[in-house]
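Per-chain numbering from 1; labels A, B, C, D, E and F assigned in written order.
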Amino acid sequence: MAELAGLLEPSALSAQVRGWLKEDVPSFDYGGAVVGDGIETAVLYAKSKGILAGKPFFQAVFDELNCEIEWRAGASDGQDLVGPLPIPLAEVKGPVRKILLGERLALNALARCSGIATRSSGLVNIAKQTGWKGIIAGTRKTTPGFRLVEKYGLLAGNADTHRMDLSSMVMLKDNHIVSCGSIRKAVEKAKTVAGFAVKIEVECSSVEDAKEVSFVFHRAEFAPTSFKPDPFPFVHGRQLRQVRTS
Amino acid sequence: MAELAGLLEPSALSAQVRGWLKEDVPSFDYGGAVVGDGIETAVLYAKSKGILAGKPFFQAVFDELNCEIEWRAGASDGQDLVGPLPIPLAEVKGPVRKILLGERLALNALARCSGIATRSSGLVNIAKQTGWKGIIAGTRKTTPGFRLVEKYGLLAGNADTHRMDLSSMVMLKDNHIVSCGSIRKAVEKAKTVAGFAVKIEVECSSVEDAKEVSFVFHRAEFAPTSFKPDPFPFVHGRQLRQVRTS
Amino acid sequence: MAELAGLLEPSALSAQVRGWLKEDVPSFDYGGAVVGDGIETAVLYAKSKGILAGKPFFQAVFDELNCEIEWRAGASDGQDLVGPLPIPLAEVKGPVRKILLGERLALNALARCSGIATRSSGLVNIAKQTGWKGIIAGTRKTTPGFRLVEKYGLLAGNADTHRMDLSSMVMLKDNHIVSCGSIRKAVEKAKTVAGFAVKIEVECSSVEDAKEVSFVFHRAEFAPTSFKPDPFPFVHGRQLRQVRTS
Amino acid sequence: MAELAGLLEPSALSAQVRGWLKEDVPSFDYGGAVVGDGIETAVLYAKSKGILAGKPFFQAVFDELNCEIEWRAGASDGQDLVGPLPIPLAEVKGPVRKILLGERLALNALARCSGIATRSSGLVNIAKQTGWKGIIAGTRKTTPGFRLVEKYGLLAGNADTHRMDLSSMVMLKDNHIVSCGSIRKAVEKAKTVAGFAVKIEVECSSVEDAKEVSFVFHRAEFAPTSFKPDPFPFVHGRQLRQVRTS
Amino acid sequence: MAELAGLLEPSALSAQVRGWLKEDVPSFDYGGAVVGDGIETAVLYAKSKGILAGKPFFQAVFDELNCEIEWRAGASDGQDLVGPLPIPLAEVKGPVRKILLGERLALNALARCSGIATRSSGLVNIAKQTGWKGIIAGTRKTTPGFRLVEKYGLLAGNADTHRMDLSSMVMLKDNHIVSCGSIRKAVEKAKTVAGFAVKIEVECSSVEDAKEVSFVFHRAEFAPTSFKPDPFPFVHGRQLRQVRTS
Amino acid sequence: MAELAGLLEPSALSAQVRGWLKEDVPSFDYGGAVVGDGIETAVLYAKSKGILAGKPFFQAVFDELNCEIEWRAGASDGQDLVGPLPIPLAEVKGPVRKILLGERLALNALARCSGIATRSSGLVNIAKQTGWKGIIAGTRKTTPGFRLVEKYGLLAGNADTHRMDLSSMVMLKDNHIVSCGSIRKAVEKAKTVAGFAVKIEVECSSVEDAKEVSFVFHRAEFAPTSFKPDPFPFVHGRQLRQVRTS
């Protein structure tokens, strides 16, 4: 499996953490002045089971604050945490005011990311157990400004991120098609700007639509038999209506 | 009731929206090039019941994109949406590519904010119905970078935001007290930096602690009778252990 | 053809222009104080032939400065400028200090963008005339911080942008393959993170490599006959060594 | 006493210093190219007496430039500098161009901060000597963008910062009260948004106003005897007109 | 006289104001929610005499908040305010919460700028009255992050800004000269990077130094008679020790 | 010769690199996840001859990514690369994903900078060989956002940067003069804001203009004999029309 942490550009990670810290400490950190700079060690525990995810974000918070983290063996993103709770995951060492300064923020990021990984993994497992061949994927319905962490959690849970943003895949929906006049015209416009590097996906609402898409892209007939009922319509209803292509 | 939208500084709102748009369109908006700039009108519907919240964020997205919004009467933050679904809330008018560009983002903000308002309002109502006198308040366990929207949702749901960040209230917990040696010392340190403008809150784990806090602040005895069992320990366990003061 | 201007997210465009202006006026604009705010009209002329490109960047500079632009009919991105020089393209109206403030910057962006469009178009035309079936595409060898303008110019010249950045396509080169041990392993790792939304491209240095890639992706044999000599090796040598897939 | 440096969030400090450096070196540092990177040591001297304040800002400038500072014993924020002048406070060691690059900026911050601390301390001492029981506090009349340093200086001089910004305390003045119709209505509105975590302060222009405020907050009568003449009207005239509450 | 407002690049002005507002409202503007959006008009008065300066900064604050300002005739930067106090300068019209939001900030900028203009003008007038021929100029001893406003105030007071920053003039002091070995070597190094567009200034501590500088730049002898005692050593002692050149 | 790297303010360099990295990795670095963090060493080769320039930008990219660079002796900015190609210039050591992450960006900066240095140096040498006494200088016709690198390249090629931006020199062209009414008035306005620290340059279109400029600045007659034909009109036509002054 790919090392998920490798997905993250270090200086962007640092910039994001700086923004988060600014949100939590717009001016003075009164508590910090109270506790001072004595060196302490804090232990990170998992208090419930699930998939761990978000280590690089947790790490980046304390890197920014010059604290050191020692991760326990087995505490890796995508890992299913088992065994008696609480499970120690890491030790954070540094000036006590900096530990307290980063604690809440680092936990907020780690907990959200792990929660998404856990839920995603659960859905992926349901699909596997029933033999469904579709893909469990996320959407762009993410928390504004926090997408990177959420998409990372999806990957840690073995789900697919689908497109990250409007720049990394073209998805032609009914609005695009209507405004262009036909599927063919919409796809042709999309190809002139997206070129061969960016995928184009077309949402179809009928077998006729799917046939047209198939013809536009592959100059081949489309086998309508693939439109069998989706066994998990509640998971992600859109797969039914989409014909993907490259 | 106060006009919640008045809480938001306009240029900060705009800056936040710009950051969100950047996340969703890091380079090209391929779909935008497909649909073009024909003028269209889109309607915002509520598809489920609950408390509406987040109008200024929704509005700011489309302000940034130079689209116009006409809100329906009754579509105000804090409003409990009733009546047959779907409920039309607003009309957005502008170039179709800009409507599609802002649509997902504006919905993401509005939906999260309304969801928090709805859940908060539900808890507040439970408390009211049982006659509980405590306060339903949020914590700093918010999504990094998205706190403003989430705290706004709390207010729309009639809950209390508690402190916004480490700069707007001092909260002395066990760690602060241990590192200072005693409650008294911790409070005295806090007072030298927080002055008379920022509240200081001390978490107490015993009646003895509460008495000491009471004495430090008010030079008066504390009536331990107020330590009766909290009727809603599941809502926010911390109230039980806190003595607030100014 | 798609409306290229629709590719650009308005607030990102504005943010970029603000950065450019900051570069050109870090503190005082002495010349601006000399000329004052009398209203003037300036005319934009094309002084040499070629493909026009970059109107939205030129426009955004003057939008930021509250000047008005009236574009001449025919002055559209991708247009091959013909007729006797100089060719009037637009009129800019506003306070004279703001026209002078934005003039150099707006020209810098427009001229670079048009230059790239003109050169790209020239290469595309050579390819067409000789019947070459390959794609003329850009690379990531762009000016740091200025990629959006340069890729836009490529599109205006009918060339392909190839991938915009490391986030919008996966390209596995020799380094990636060596570090993973084999093409198969590299592709499998890439698939776990890129999912079905992001294209994966593998650079092959031999027919054997190409066969393996073909098998990994399509479970089908690859026809080596497609490895005929590239008629335009000087244009973009890499096409020869690549097998693209989705 | 609390360790004032603990008030400052490290990455915000660094971000502020980067902004200051950008202001002082928008493009090239010509002098830096002249002097080069030979390692030198510079000594920081106090040339006049007063209260030292602003060490973390001075330090942050040279941290950003990778120079090392060794502070002399006794050179701590809030310290009253005594003894024969000039008083050595610190040694800065690093490449000569970086010392010269940061020198002016670091001195600007330290000198302003120390000046404010010295003036504040002087006023606090006058109040003490005359037995005045009021609080010497700052206002929001600070230099735009530089408030953190100025408020820090106030604390080093044993004065009170009063509210840091519009988000950390509510202050209801005549304008707020007039626009709401009455003190009671203004306070009630404020309470719905400020909750129990943020203090509310009401400016009163009469004993009647003060009584109303007292009743709104405490449901208790207010003793008008506290409206005796302020012995130091020149220090901060507003104390006379304010009733603070929590 | 030049129109000082023309010195300021509009989008930089807006960016600076946004940063200032962010400082004053890091999260919620509680007072804003209390007063609401009723339209009001506020009047700006000068309460003491002096030179007015900083109108564009005052204006930019309210532009950012969509309030309108009508300036009185005669209220121009550099104007010596005369007549009976208070002197009305402008009317600001807009939603009351936005007026209160910008009021303190706009006054902070205007007051500081006018103060600097008034003090500068006073010194310039003293020099004129005594017939001194030197130049009254500022230094880089400005408030970090606020230099633009302060230098603007200097100009409104008819003083000289001297160099704005390390990028806009080269000033060779003893440190530079010592590190290079001689005045000649320091100047030669400076010339290779500063070229013919940026002025080079050399601080001299003796007539010999001045002669060398003169020779390096002009290949001409320097008349030491110009080293007469400076009549205003208290204003700006450095003039005595400097030989300026281009 | 001055050490060019000394021209660059370290934290601005870092900020610029962060922006460039953000452009190249807006969300995930898929390739990075594929290759992982094994330590590797890459060698930087010059593949063509010319002047090397831009080392600090190349270095800053890898500093940001925590990779180490060892530069070969002789690989200094301004150096004319000679000897058999390819010429090894440096070794970069670090985690393979970080080397690949920075590689393209670092090369883009270094290659553009060296290209400009090489072309500049070529022009300077032509001028020298023919005995021309003028100055080969750049303009403000630079790539928006990339000026620092391009001006640095000019210096490495022994050319002059001319003015860096609108804040570091005043250049009065026909537009300025027309809007003021005369050369004299334009210069007088410029002097009131630019003071003695910033150079003023006036473009003249006739000997009469040049005489007036000379008189305004020096109160001396101008010798028209210096208006001999420019031997290199193709290099920089403007020298002919300019009278520079300080």
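Definition applied: a contact is a pair of C-beta atoms (placed from the backbone, for glycine too) under 8 Å apart; a residue touches a chain by one contact, two chains touch by 3 or more.
Protein names from UniProt, one per chain: A, B, C, D, E, F = nicotinate-nucleotide diphosphorylase (carboxylating).
Because the structure is predicted, anything quoted here is derived from the model rather than measured.
Peer 1: With centres defined as the mean of C-alpha atoms, identify the chain lying farthest from chain B.
Peer 2: In terms of C-alpha centroids, the chain at the greatest distance from chain B is F.
Peer 1: On C-alpha atoms only, rotate chain C onto chain F and read off the angle in steps of 5 degrees.
Peer 2: 180
Peer 1: Specify, for the interface formed by the sequence copies chain B and chain D, whether it is same or different in terms of residue numbers shared by both sides, with half as the dividing line.
Peer 2: Since more than half of the residue numbers are used by both chains, the interface counts as same.
Peer 1: For chain D and chain F, let me know how many angstrom lie between their CA-based centres, rounded off.
Peer 2: Each chain reduced to its C-alpha mean, chain D and chain F end up 42 Å apart.
Peer 1: Just how far, in Å, is the C-alpha centre of chain F from the one of chain E?
Peer 2: Computed value for the inter-centroid distance: 28 Å.
Peer 1: Using mean CA coordinates as chain centres, what's the chain A-chain B distance in Å?
Peer 2: 24
Peer 1: List the centre-to-centre spacing of chain A and chain E in whole Å, with centres computed as mean CA coordinates.
Peer 2: 49
Peer 1: Residues of chain F touching 2+ other chains?
Peer 2: Residues 2, 4, 7, 25-30, 32-36, 101, 147, 164-165, 167-168, 189-190, 193, 198 of chain F touch two or more partner chains.
Peer 1: Which stretch or stretches of chain D touch chain C in the complex?
Peer 2: Touching chain C: residues 26-27 of chain D.
Peer 1: Can you check the complex and tell me which residues of chain C touch chain F?
Peer 2: Interface residues on the chain C side: 16, 19-20, 23-36, 38, 40, 96, 100-101, 104-105, 107-109, 111-112, 140-147, 149, 165-168, 170-172, 175-176, 179-180, 186, 189-190, 193-194, 198.
Peer 1: Going by the contact rule at the top, pick out the chain D residues touching chain F in the complex.
Peer 2: Per the touch definition, chain D meets chain F at residues 17-18, 21-22, 25-30, 32-37, 64-66, 97-98, 101.
Peer 1: Can you list the chain B residues touching chain D in their complex?
Peer 2: The contact residues of chain B facing chain D are 1-2, 4, 7, 135, 137, 155, 160-164, 167-169, 189-190, 192-193, 195-199, 201, 244-246.
Peer 1: Can you list the residues on chain C that touch chain B in the complex?
Peer 2: 2-12, 15, 147-148, 151, 164-165, 167-168
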